[in-house]
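Take a look at the structures below.
Shared chain: subunit A. Partners: subunit B in the first complex, subunit C in the second.
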Partner chain A sequence: MAGNNWIRRAHRPQWRFAFLAGPGALFVVVALLLPLLSIVVFSFWRTESYELYADWNLDNYRALLSEPAYRIFFLRSLVMAAAVALTCLVIAWPIAYFIARHGGRYRLLLVLLLAAPFFTGIILRVTGLQSLFGPIGLVNMALGVFGVAPIGVLMYTPVAAGIGLVYLYVPFMVTAIYLSLVNFNFELLEVAKINGARPWRAFIEITWPLNWIGTAIGLVLVFIPCLASAVTQRFLGGPNATSFGMSLAQQFGETGTWALGSAMGVLLFVASLLVILAMRRTIDLKRSGFTGVIGG
Partner chain B sequence: MPAAVLRLQSVTKRFGSVTAVDRIDLAIERGEFFTLLGPSGSGKTTMLRIIAGLEQPDEGQVLIGDRDVTALPPYARHIGMVFQNFLLFPHKTAAENIAFPLRMQRVGRAERDERLAWALKLMRLDGLADRYPNEMSGGQQQRVALARGLISRPALLLLDEPLANLDRELRSEMEVEIRRYQKDLQIPFIYVTHNQEEALTMSDRIAVMRDGAFEQVAAKTEIYTNPSTAFVAGFVGHANRFDGSLGEMAGATARFDWKGIALTVPKPRHGQPGAAAQFSIKYEDLEIARGDSGTGLAGRNSIPGTLRDIIFKGQTANYIVVLKDGSEIVVSSAPRELDLQPGETVTVHWPVDRGASYQA
Partner chain C sequence: MMRASFRWTRFGMGALLFALYVFLYAPVFYVIYASFAEDIVWPFPPAFSALSYGDLFASSLYGDALWNSLLLGIGSAVLSTVLATGGAIGILRYRARWRGLALLLFLAPLFVADLLIGISTLAFNARVLDLPGNIYSAIAANAIPGTSFAFLIILSQLVRYDWAMDDAAMVFGAGPVRCFLEITLPIIWPCIFGAFLISFILAFNNLEISFYNLGAIPTLPSVAWGSLRFGLGPELFALAAIVNFAVFAIFAVMYILMRYRIVQFGYRGP
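Take a look at the complex of A and B:
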C-alpha cells in the first residue's frame, strides 16, 4: 500500500518537477552557495603564518576601510568597470543593431563569429594584446619604422588594460543587445516616423526603451566581471593599474592572508549585488520591452 | 474643380523584375473616402507606403496639397496611418500612444491635453487612457490606433487593412464607425483592403487594383453595377462566370454560345462575332423557377437544371443549381419566396439586359 502511494505521489506535477530540478539545485548549493558561505565565514576569521584561526572579529573589514591602498584599488576597479561597460555599450549597439536589422540570412553566422575569441583561453588573448600594444608590440614597432614616437598611453597603462577588458567583454554586450533586438518589431520605427519622429527621436522614444532589458543585462554581464578582473590589469596595466581583483588574488597567493582576501570577496559580492539591484530598479516590465503577461 | 488633397503622377515602383506599382495617376479630393481594393500582391499596400513616404517610387511624383513631397521623409509629410496589426507602442499607455504625434510636433501641453480628451471621447475610449496595449481588447487597440492617426488632424489618413484582425461582428461595427469619423472630420481616407464588403460599405470611390495597375476607378455603385472588366466583375460582388464565344450582334445585345446553350447577353465593349468571351452575372440578378420551362420565356435567357442545395444566409439564400454537364450556377434569392426542395428540376432565368460580357 505504502509503495503504491509513493508511486502515485511521484506522478504528481510538483514531484515530477522536484525530480527534474533537484540535481541542478543540488549542484548550485554545493558548488556555488557553500563556497560563498565559507568565504563569508572566513572573512570574520584571522590568518597568521598561512594558517586560518577561527576567532571571530571585524579586523579584516576594518583594514579594508582604513587602508587607503584598498580604497584606491576598489575605486579604480569601480571606475574601470564602469568605463569598460559604457565603452562596450557604445561599441556594441551599432554592431548588434546592424546584425539584427541587416544581417539577413547571415545573422546567426555573424553572432557565432562573436564567439570566435572564446576558441582560445583568456591568457592567450591578453598576451596577444600585449604583443600588439607593448614597447616592442606591433603598433609601436610599426610607428617606429616611420620614425614616429611610440604611443606611450598604450604601454602598460590603465588605458591599455581598459582596451583589453573591452576587447574581452564586448561580445557579451553585443549578444545581449542582439538577443533583445531580434525580438524587437522594427515596424514600430516606421509608425514613429509617420507620426512625425525623426530617426534619432524614434530611437530614443521607441528602440532604446523597448530594448532596455537586453542593454541592462549586457551592462551587468560586463560590469561585474570587470569589477573583479585581475589578469588583464596584470598583463596590460602596468604599475598604476593594480586592481582590487589583483590585490584579492594576492591575499590568496603570495601573502597567504585568506581571511582578508575573503573579506575582499564579500565586499565584491555585495558591490555586485548592489549594482544588480540598482539595474533592476530601472526595469519596469510594462515599459521595457516585455510583452508577455505580467503577473497572472 | 476642387483642389486635390493628394495627387499621384505616373508613380512607378519596381522590386527586381516585378513592377509592384505601374504608372499610377490618381487625385484624391477633400473629404473623400477612397478605397484601394485588390487581391494580395496587387500593389495596393506598396502604393500606400509610397504615399506615406516609407517607400521611394522609382518614377513619378507624389503631391500633397500643391507640394511635391516625393523626396520628403515620412516625418515631414503630416500624414496619419493605421495598420493591420495595430502597431501600438507596447511600452506606452493608450493616452501616450494617442498623444505621440502631438509630442513629435511640439504641440503645447494645454492643447495636447485638450485634443487628447477630444480623441478619447471621439473613439469612446474614456476610462482606458492609462491602459497598456496588452491590457486592451483588439477592438480597443484598433480604436487607439485610429485615435493616434487622427489626433494631429493630418492632411490624409492611410488605413492598411485595419479591420483584418478583428472578428466579424466587431468588423462590421467598426466599418460604420470609421465611415462616420471620416464624414465628421472631412479628412480624406485612403483605405486598403482585399475585402469587397468593407470596400462597398465604407467608400465613396473604389479603385480595383490588379498587377500594380488600376482595373477600374469609379464610385462604388458604378463598380458594383457596371464593372468595366471581367476581373472587376469577378472580384466585386458574387458572380457566375460563363466562358464561351460571341455570336452575331444586334443593337445592344449579342448572341453568346456557352456549352451549346444559346444566350442573349449585353454586347461587350470590344469583340467580334466568333471571338472568345466571358459573360458574368451576379447571383442576385438571376431568378429561379420550379420545373423545366424550356426556352419559352420571352425576352429572357433560361437554363434548365437540378437544384442541388440551398445555402441559407438569412435575408437571402443561395440556390445551387447543377446543369446536365455537372457545372454549377448560383442564384441568390429571398429564402421564403419559393418552397423548393433539393433534387427538384428547376429553371434559371433572367432578362437579356442583365450581366455583362467581356472579350476574353
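Take a look at the complex of A and C:
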C-alpha cells in the first residue's frame, strides 16, 4: 500500500516539477553557490607563503579600501564595463531587429554565425585583432605605406581594450535582444501604424518597452564579464588599462595571496549584484509580455 | 514615400549586420591566413607554406589539447542541455511553489563572471574538497554558465509552446516520457540543438573557468595561454584554422538544409 501511495504522489505536479527542475537547481547550489560561499569565508582569512590560515580578520577588506591602486583599478573596470555595454547596446539593437524581422528562415543560421567566432579561442582572436589593428598591425602599416600617421588610439590604450571587449561581447547582446524580439508580436506595430503612430513613436512606445527584459539581460550579460575582464586589457590595453580582474587573477596566480583575492572576488560579486538589482528595478513585468512565465 | 524609407532602414540594418560579421570574422580569417604563412609574426606580403601543419601533426601536445577541449565541450554541453531542458519544462509547465526560486537559480550563473566562477571553484576544490585540478571539475564548472545559457535559449522558445498538446496526448494514455519524445521533442528540438551548440562552444574554448580547474591538463585555450610567454606557436594557428574549417563546413551543410527546406530548424513560416 505504501508503494502505491508513493506512485500516486510521484504523479503530482509538485513532484514532477521537483523531478524536472530540481537537478539543475541543485547543481547550481552545489557547483556555484557553495564555491562562492567558500571565497566569502576565505576573504576573512589570512594567507602566508601560499597557505591559507583561518584566523578571522578584516585586513583584506581594509587593504582593498585603503590602497588607492585597487580603487583606481575598480573604477577603471566599472567605467570600461559601462561604456562597453552601452556601445554593444547601440550596435546590437538594429542587428537583432534585422535578424528577427527580415531573417526569414535563415534566422537561426544568422544568429549562430555570430557565435561561430567563439570556436577560435579568445587569445587567438585577440592576437588576431592586435595583428590587424595594433601598432604593428595591418591597418597601421598600410597607413604608413601611404604616408599617413598611424591611428594612435589603437595602440595599447584603454580605447583599444574597449574595442576588444565590444568585439568579444557584442554577440551576447545581439542574441539576448534577438531572443526577445523573436517572441515579440510585430503585428502590434501594424496596429500602431493604423492608429497613426510614426515608426519612431511606435518603436519608443511599443517595441522598446516590450523588449526591455531582453535588452536588460543583454546589458547585464555584457556588463558583468567586462567588469571582471582581465585578458583583453592585458593584451590590448597597455600600461594604463590594468583592470580589477587582472589584479584579482594575479592574487590567485603569481602572488598567491588567496585571501586578498577572495576579498576582491567578493567585492566584484557585490558590485555585480548591485548592478543586477538596479536593472531589476527597471523591469515592469506587467509591461513586458513575459507575465505568463514568471507570474504565480 | 513611407515604403522607400522602410526599405532604406532595412538596408541600413542589413549593412550593419554585414559590417559586424566582417568585424567579427576579420581576426578569425587573419588566424587562418597566418597559419599558411611562412613567417607568423609578420605574414605580409604573403608567402605561403604548410610548415605549421606539419609541425602540428608531429606534436602530440596539440592532439591532447584538442581532445581535452572536445571532451570538455561535449561533457559540459550534455550536462547543461539536460539540466536546462528539464528546468525550462518544469518551470513553464507546473505552477509549483518553488518556481520563482528555481528560476532565480537557473539564471544566477549569468550574473557571475567567468573569472569569479573559475577562482571560486578553484578555491572550493583545492581548499575544501582537497581535489587537484581534473577534467571532471572543469566539465562541471563550465556547465554552470552553460546551463544558464541553455536554459535561457530553451525558455525563450518554449514560452510559445502549447502544453494542451501534451495534455491531449496524456488523455489518450501516453506516459510523460512517451509524450516528451513524441510530442514535445519533435517541436522543440531546434532550440535544444541551439542550446547544446552554444553551451558546447562556450565550454570548448573557455579560458578563465577551465584554466583554474584543469591544473596541468592542456586544452586549446590553456595551451595558447601557456605558450604566450614564448610567442604563439604557429601550430596553434593551424589548429584553429582546422577547427574553423570544420565549423564552416557544418554551417554550409545547415545552409543547404535550410535552402532546400529539408530541415526548417524551427522556422514555421512568416
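The rule is simple: the second predicted complex is superposed on the first by the 262 of 296 C-alpha atoms of A that agree within 3 Å, B and C clash if a C-alpha of one lies under 4 Å from a C-alpha of the other, contacts with A are read in each partner's own complex, and residues count from 1 in each chain.
Going forward, a contact is a pair of C-beta atoms (placed from the backbone, for glycine too) under 8 Å apart; a residue touches a chain by one contact, two chains touch by 3 or more.
Predicted, not measured: the structure shown is a model, and the values here were computed from it.
Visitor: Based on the superposed arrangement around subunit A, label subunit B with subunit C as either clash or fit.
Guide: Here subunit B and subunit C can both sit on subunit A without a clash.
Visitor: Who does A:Ala18 touch here: subunit B (first), subunit C (second), both, or neither?
Guide: A:Ala18: touches subunit C, not subunit B.
Visitor: Is A:Arg281 contacted by the first partner subunit B, the second partner subunit C, both or neither?
Guide: A:Arg281 sits against neither subunit B nor subunit C.
Visitor: Can you tell me whether subunit B or subunit C touches more residues on subunit A?
Guide: C
Visitor: For A:Ile122, using the defined touch cut-off, is the partner it touches subunit B, subunit C, both, or neither? Pick first, second, both or neither.
Guide: second
Visitor: Angle at subunit A, subunit B to subunit C, CA centres, as a multiple of 10°?
Guide: 80
Visitor: Tell me the contact category for A:Ile206 with respect to subunit B and subunit C: first, second, both or neither.
Guide: It touches subunit B, and subunit C stays clear.
Visitor: Quick check: superposed on A, how many Å separate the nearest Cα atoms of subunit B and subunit C?
Guide: Closest C-alpha pair between subunit B and subunit C: 6 Å.
Visitor: Report, in rising order, the residues of subunit A that make contact with subunit B in one complex and with subunit C in the other.
Guide: After superposing on chain A, subunit A residues 293 contact both subunit B and subunit C.
Visitor: Using the touch definition from the top, list the residues of subunit A that touch subunit C in their complex.
Guide: 13-14, 16-25, 27-29, 31-36, 38-39, 42, 52, 91, 94-95, 97-99, 102, 104-110, 112-129, 131-132, 136, 138, 141, 167, 170-171, 174, 176, 179-180, 182-183, 199, 217, 220-221, 224-225, 227-231, 245, 248-249, 252, 258, 261-262, 265, 268-269, 272-273, 276, 290, 292-294, 296
Visitor: Note which residues of subunit B are touching subunit A in the complex, please.
Guide: For subunit B paired with subunit A, touching residues are 52-54, 73-75, 77-81, 83, 87, 89-92, 100-101, 104-105, 132, 134, 148, 152.
Visitor: What residues of subunit C sit close enough to touch subunit A in their complex?
Guide: It comes out as residues 6, 9-10, 12-14, 16-17, 20-21, 23-28, 30-31, 34, 42, 44, 79, 83-84, 86-87, 89-103, 105-106, 108-117, 119-125, 127-128, 140-141, 143-144, 147, 151-153, 155-157, 159-160, 176, 190, 194, 197-198, 201-202, 204-205, 207-208, 212, 220-221, 224-225, 228, 232, 236-237, 240, 243-244, 247-248, 251, 254-255, 258, 261, 264-267, 270.
Visitor: Flag every residue of subunit A that touches subunit B in the complex, lowest number first.
Guide: Where subunit A meets subunit B, its residues are 185, 187-188, 190-198, 201, 205-206, 209-210, 286-289, 291, 293.
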